[in-house]
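Multiple structures follow.
Two complexes are shown next, each including chain A; its partner changes from chain B in the first to chain C in the second.
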Partner chain A sequence: MTNISSNAVTAEAEGPLVPTDPTPGPKAKAKPAWMNLNFGPRLWVSLGIIVVIALLAFVGPLLYPYGPDEKVGSLYDAPSAAHWLGTENFGYDVVAVLMASTRNSLINGLLAGTLATVIGVGIGVVAGYIGGWLEELLMGITNIVLAIPSIVILILISMSLQSTDIPFFKGIVGLALVIGITSWPWTARAVRAQASSVSTREHIDVAKLSGARTPGILIRDVLPYLASYVVMAWVLQLASAILAESTLSMLGLGPSGTNSLGMQLHWALAFQSVATGAWWAFLPPTIVLTLISFGLLYLQSSLDEVFNPRLRRGKKKNLAAAAKRREEAARKLEEEMKAPAGVTEVIV
Partner chain B sequence: MSDPVFGLPSRRSFLTLSGIAVGGLALAACSGGATSTNTAGTGSSATEKKGIGNNGQVGKGRAGATADSLLIAGFQWGAPATFNPLSPTAAWPASGNVMQIVYESLLRWNILTGEIMPGLAKEYKVDGTNSVTLTLQDGITFSDGSPCTAKDVVATYELGKKNKGISISAFWQLADSIEATDDKTVVIKVNQKSKNVGQVLRTVTETYILPAAVFSAIADDKLPTTVIDKPIGTGPFTLSKADQTQVVLAINENYWGKTFYGGLPVMKQIIHPIFKSNEDGNIKFQAGELDIMQQFVSQIWKMWEGGKPVGTFLKSKPYFVPGSMPMLLMNTTKKGLDNAAVRKAIASAIDYASIADTAMSGYSDAVQASLILPTGAEGKFFNKSDAEANGWKYDAAAAEKILTDAGATKGSDGIYTIDGNRLGPYKLITPTGWTDWNAACEIVAKSLKAIGIDCATNFPQQADCTQAIQGGTFDLACWYVSGVNPATPWARFKDIMSQAEMQPIGKTTFANYGRWENAEVEAMLTEAAQATDDAGKKAAYDKLDALYRKEVPSCPLMYRPDEFYEYNASNFFNWPDENNDYAPPMFRGAGNTWMYKIQKIAG
Partner chain C sequence: MGLRRYLASKTGWYLGALVVAVVLNFLLPRLIPGNPVDVIVSGLGQGGLSSEAQRQIYEQFMKEFGLDQPMWNQFVTYITSIFQGNLGKSFAFYPTPVTDLIAQSLPFTLVLQIPAILLGWIIGNVLGAVAAYKGGAWDKSVFTTSLVFNSMPYYCLSIILLYVLAVMLGWFPPGGAYSLGNSPEWSMAFFTDALQYWWLPFISLLLINIGGQAVGMRSMAIYELGSDYVNYSRSLGIGDAKMTTYIFRNAMLPQITGLALSIGTMVGGALITELVFSYPGMGTLLFNAIAANDYPVVQAVTLIITVAVLVANYMVEVLYGFIDPRIRASKSGEK
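Right after this comes the complex of A and B.
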């Protein structure tokens, strides 16, 4: 009984959803839901970019002969066979520093992005599901935080962290925390809207009637319906956090003695690499930063298409084929509905 | 959050980022092209001319409105607020001891020779440690035509008694009195407690002489705050125009010093454009739109390698004459840093060559274990053999050995502990934006971590940094001490080791920031201050330097030019350089000599 009800709700749900077979006959073998997803070429391209960047960050240092703290030359030595991208302002190999910087920037992005998503989803789900004064309060706080320019908060907190004596807050983890706790509001607002919509659906009533407690309902009956959105939000938060770290570090507010893409740009600017023509100092971190951002944005965009078929794009013939498939499915469904022994009778 | 950068990374922000990358590529391409292909450049080879670009190139002269103007930069960074030389925020060229062009001093210091040269005073006589007598030049007048006499000189120094908040007030710790015995003679009675003639002479070389008629009309408490927009001095130029974009000076055709300097300066105007950053100024300088400037330029040799007629005083590295010595200050009240062995280990752990090579763009030799500059005016006091035998140099293994010999043990975290005190975490501070110093600090922090001392950099705003250093609340700091002047190296020993000026933590001091305590040093400082000949001074400095090397209250990180002296021979030639050394590579003091000797290329 519960299964049938759930299927009915799923079929009726608006917004992003996981397509399910509308006619699960007794003999039909249901495929796992992910196999029904349409992974287009855009997804594979974006994943490819991210994998390449991740390999550069995590596997590259194991293979590259120089370390990021190893002085191998002088100020801005030009690229050579030994040092493919020359040296930066401290005389370290640019490729070695780039790999270390990429790794730290990715770690920072993962930490900050995950933290921001967890906070945002937590606040959004609670506010959207429970409603009432708690929703007003949480959304009030969210709106206040949204109204304050984040760059100001980030700069102020980063400056305070720099002068703290607690080592934990001075590293890349500290910076990630700062970024994470300042970038959750837009996720919270969006999740709240989704959660609010889900909370009015029938399966929630059923869960309540069956005696489920609120935390259980939130985890088992609300969050799964937001999963696709949360994944996309998380991807965007990653990109956003990496850009935020780069901005802060480029302003000289990054963690002391740590390599990151922003710190590379900071020193490249401080030592006038553009004016002296040392392109190898500022271009590689700029390109990697662009690729990370591009890759994640592209991934989010393609995931959006996967989870939300209405946004799916393609060539005209694909669109025509999809329309034909939909027509065919609708026709079959109509025929089945007309059949005397329907299998979708709902017993209450 | 609501900010597009930190909110949802939209396609627009992605496009922006891509644009930056492509723009960067384009810039790099342009820049690279300029440095690699423009060998013909703006100039032509001119071997018969002296004081030209380091590549032997010279420009063809400038046409138009600025043909007769000297374009200068590196002194003024914001809209000029006042030209009152008593104000701490005075604009160029009224700000203290920057250039002798509107205001002038009695004597002029030469950083190359260590000589004190005539200025408004044609001669000076020192009577042991009792007095200094100065005789003024003939016919000195202010730019308003009024005569400048010994009474103006006395009135200028007397201002320091009227208001303790102006820099001249420090003169009265060095002198008991100043008297005008006639219109042209001034006698300074040296303070008989300190008997520090060197510091008196330093003050005389750095103090502008002001018109008594103007400054006597200002209330004592308003002396530093009164806004002056029409400065009246004795110099060869007067203020013509000042706004947020430039300061323009016009020549004073009635300048009193025409005879003394052999004529008027060659330029009719001096224009100081006001830039927002070093970058802007450097681009204009490279293009020949500035003739001379005082700015840090990373890899300046790229300019003459790219065909620009750019020159420096020295033709090979370090290109600039060393004139100051940024120090690593160590707070000896902090656990661990109170141990001389730890301080010596720190001094031995620092990769000085790397600092000179990268942070200082090659503009510094590797430093010696001494508070005396080994070259230039102080070179005669430098004891090289003792510095090498009892000093330190970069040797990480030796640094660790010093620690272990002193009983330090390494913990599981790789950091040493000595007498129960873990060595760190220490915070190494210097003001944010001081690029070369910031980079030097990063190298120091890495060097210390490498031998097991926990250290991280922190770059606060300048005001916060100054407060922490003067108040003694820092751990480690990169900071400046006296550059080369008539009172150094004594003044530098005083800056680092003075017991008389030491203050408890939390109280502001202007010397011995590290609160290093020693019972013997004050007598040694007095002996050095009162020595009247070079032999006596050398003996006193040897003793001070030996104590310094034993105790290591701080250590020098690099040698830096007192001023960055860089010229572009696009419009003028005969700039002073090591092959044409008629004047020192200075803007202040005796640096004014080149204004009378440079020549226009065209016309």
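Right after this comes the complex of A and C.
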């Protein structure tokens, strides 16, 4: 009896949100490992936001009757039954443009964010695991790139890109490449710290002794330990790449001739939609950008709580219940100590 | 020894970053096929200028900006003129010196950004620490609002504030930095007028900065709350007030480095905020220069932003060296 209750107490002390059953039956044991991760409501909310926006971007255009390059009206026609959010400054349907823009911004974010994560993780793991002069060199480069504000480099490169004639670099892909190769440093720095702590662990020594090569060790023995970290860094990189694109586009350095959320805002500001009260032109891209950014950052912070139990906060109700149970257990223990064994009938 | 070595290494890194930044600033605009003058002159050609006149303008510009010389000479000229405080002449407002244009817009950016960054940092940290310590509903509301502000792109909040507070409610003037017919001067009348225009962009920057700092501080403070020294002090029966100061000081240190890292982002975001409010600072200057292919102005603005961010970062790092007891303590340490 006491055994069971003390089990419950330790489970609560570890963290009130850890889904533990005081009496783990065979059913609970059969769960795969990922089911035991604590996916809180925050995670589902943020995933929901992202899925809705992805649907809008990729499935929406298939269902919506107007295309983003179909002239359907004139400057800032008010919303109507046919055009839910009216028209923008060139007379295109706002909803159609919004869906195309969202899609391009998401693609840009995926390309740039993934590129930045891959470079950052690569440099960080190599520097952290191998160490020595290579680490000094790589981290020196990282620190210098980190100190220079990336917006400045982005402005200078994309200004040069704009006057090239290569169509590949002018579009969304060129912009994504530029953003990707300028935003890796902080990922590299953070991953290096993690990698160098992993590289001192015993299983690395075992791998070395058994004759594994360095690339193999990096991929099979170091990276899996950083997986949770890399996923979170990737989510953050996605958000920052999407924002970087819209910042550049608003400055007039966006992918010319292509739709993106930043370009949409750029035109809305250029044609005075805020001052003239044409809310349907500037509010939709603003809201979508905010939702994307909020969804991704919220996802990152809830993943952080899933992976890092120290950040987890208990609900007040659970904490109170845990305190009560602990008190109960202490009282029982006291009673047992006082009374001779066999007399107490403990109710659980 | 510890402090001195720390300062020396930081100085070295920042000098290195400065050199790289200046070289990039020089090199990147010159990497495009052709050169900036081509772009300008072909723009003039569309304006209906004859090809002979175009060629003359082209040659004059090439000479004026030294683009006909080899790269190395250009670089030496570039560096020496920077040290002489000469940033060249604007293409778009030829022959206005770039320094004049910057002198007009830099003050507006400074009065907007410095208070927003400092106040945002202080308020954000206090809010974050309180949220972490109090927990419960406080934590939930502060954290969620901060996260919303933190994840909102600067210009999105600016656009919404501008529309709601200025256009719909009419509480603030809808953009600009002073009334029409007024011009910047050192007088009380201009100052009170400009203050009305200052509030809205300031508030929008402040809210975002508060959000970012509060989110960071909260997670640092929660991390500290779970650490061994807190449990130990609790078991010793040390009071809440005393403990808060311990936690606050420990959680504060990473926040100071956080400030150094986020200054660059803050400045970048603030540039666009100016654009939304058509506030005549560096952001608007940059925007106009980009639209007009005014390379000397773009280069000068990016150079100033880089130097300002590097100097600010460097100052924060130096300050950190004095504040962090571990760096001071290593003075009498093993070495």
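Just so it is clear, the second predicted complex is superposed on the first by the 284 of 348 C-alpha atoms of A that agree within 3 Å, B and C clash if a C-alpha of one lies under 4 Å from a C-alpha of the other, contacts with A are read in each partner's own complex, and residues count from 1 in each chain.
Following the convention adopted for this analysis, contacts are C-beta pairs under 8 Å (C-beta built on N, C-alpha and C of every residue); 3 or more make two chains touch, one makes a residue touch a chain.
Computed from a predicted model, the values in this text were never measured in an experiment.
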item	value
Side-by-side fit of chain B and chain C on chain A, or clash	clash
First, second, both or neither for A:330, with chain B first and chain C second	neither
First (chain B), second (chain C), both or neither touched by A:219	neither
Which of chain B and chain C A:250 touches, first, second, both or neither	second
Partner chain in contact with A:157 - chain B first, chain C second, else both or neither	second
Touched partner set for A:182, first chain B, second chain C, both or neither	first
Partner chain(s) touched by A:297 [first = chain B, second = chain C, both, neither]	both
Which of chain B and chain C A:69 touches, first, second, both or neither	first
Partner chain(s) touched by A:144 [first = chain B, second = chain C, both, neither]	second
Segment of chain B that clashes with chain C, given the candidates 385-393, 457-465, 529-537 or 547-555	457-465
Chain A residues contacted in one complex by chain B, in the other by chain C	146-151, 159, 163, 165, 186, 239, 243, 247, 252, 274-275, 277, 279, 282-283, 286-287, 289-290, 293-294, 296-297
Contact set on chain A toward chain B in their complex	69, 71, 74-76, 89-91, 145-151, 154, 159, 162-163, 165, 167, 170, 182-183, 185-186, 236, 239-240, 243-244, 247, 252, 256-257, 267, 270-272, 274-277, 279, 282-283, 286-287, 289-290, 293-294, 296-297
Residues on chain C engaged by chain A in the complex (per definition of touch)	13-14, 16-17, 20-21, 24-25, 28-29, 31-34, 39, 135-136, 139, 147-148, 150-153, 155-156, 159-160, 162-163, 167-168, 174-175, 215, 219, 222-223, 226, 261, 264-265, 267-269, 271-272, 275-276, 286-287, 290-291, 295, 298-299, 302, 305-306, 309-310, 313
Partner chain A, residues of chain B touching it in the complex	1-3, 5-9, 11, 13-14, 17-18, 20-21, 24-25, 27-29, 31-32, 34-36, 278-279, 282-283, 286, 297-299, 302, 351, 354, 357-359, 361-362, 425, 427, 432-433, 435, 438-439, 442-443, 445-446, 449, 456-460
Chain A residues touching chain C - in the complex, by the definition given at the top	140, 143-144, 146-153, 155-157, 159-160, 163-165, 186, 239, 243, 246-247, 250-253, 265, 269, 274-275, 277, 279, 282-283, 286-287, 289-290, 293-294, 296-298, 301, 304, 310-311, 313, 316
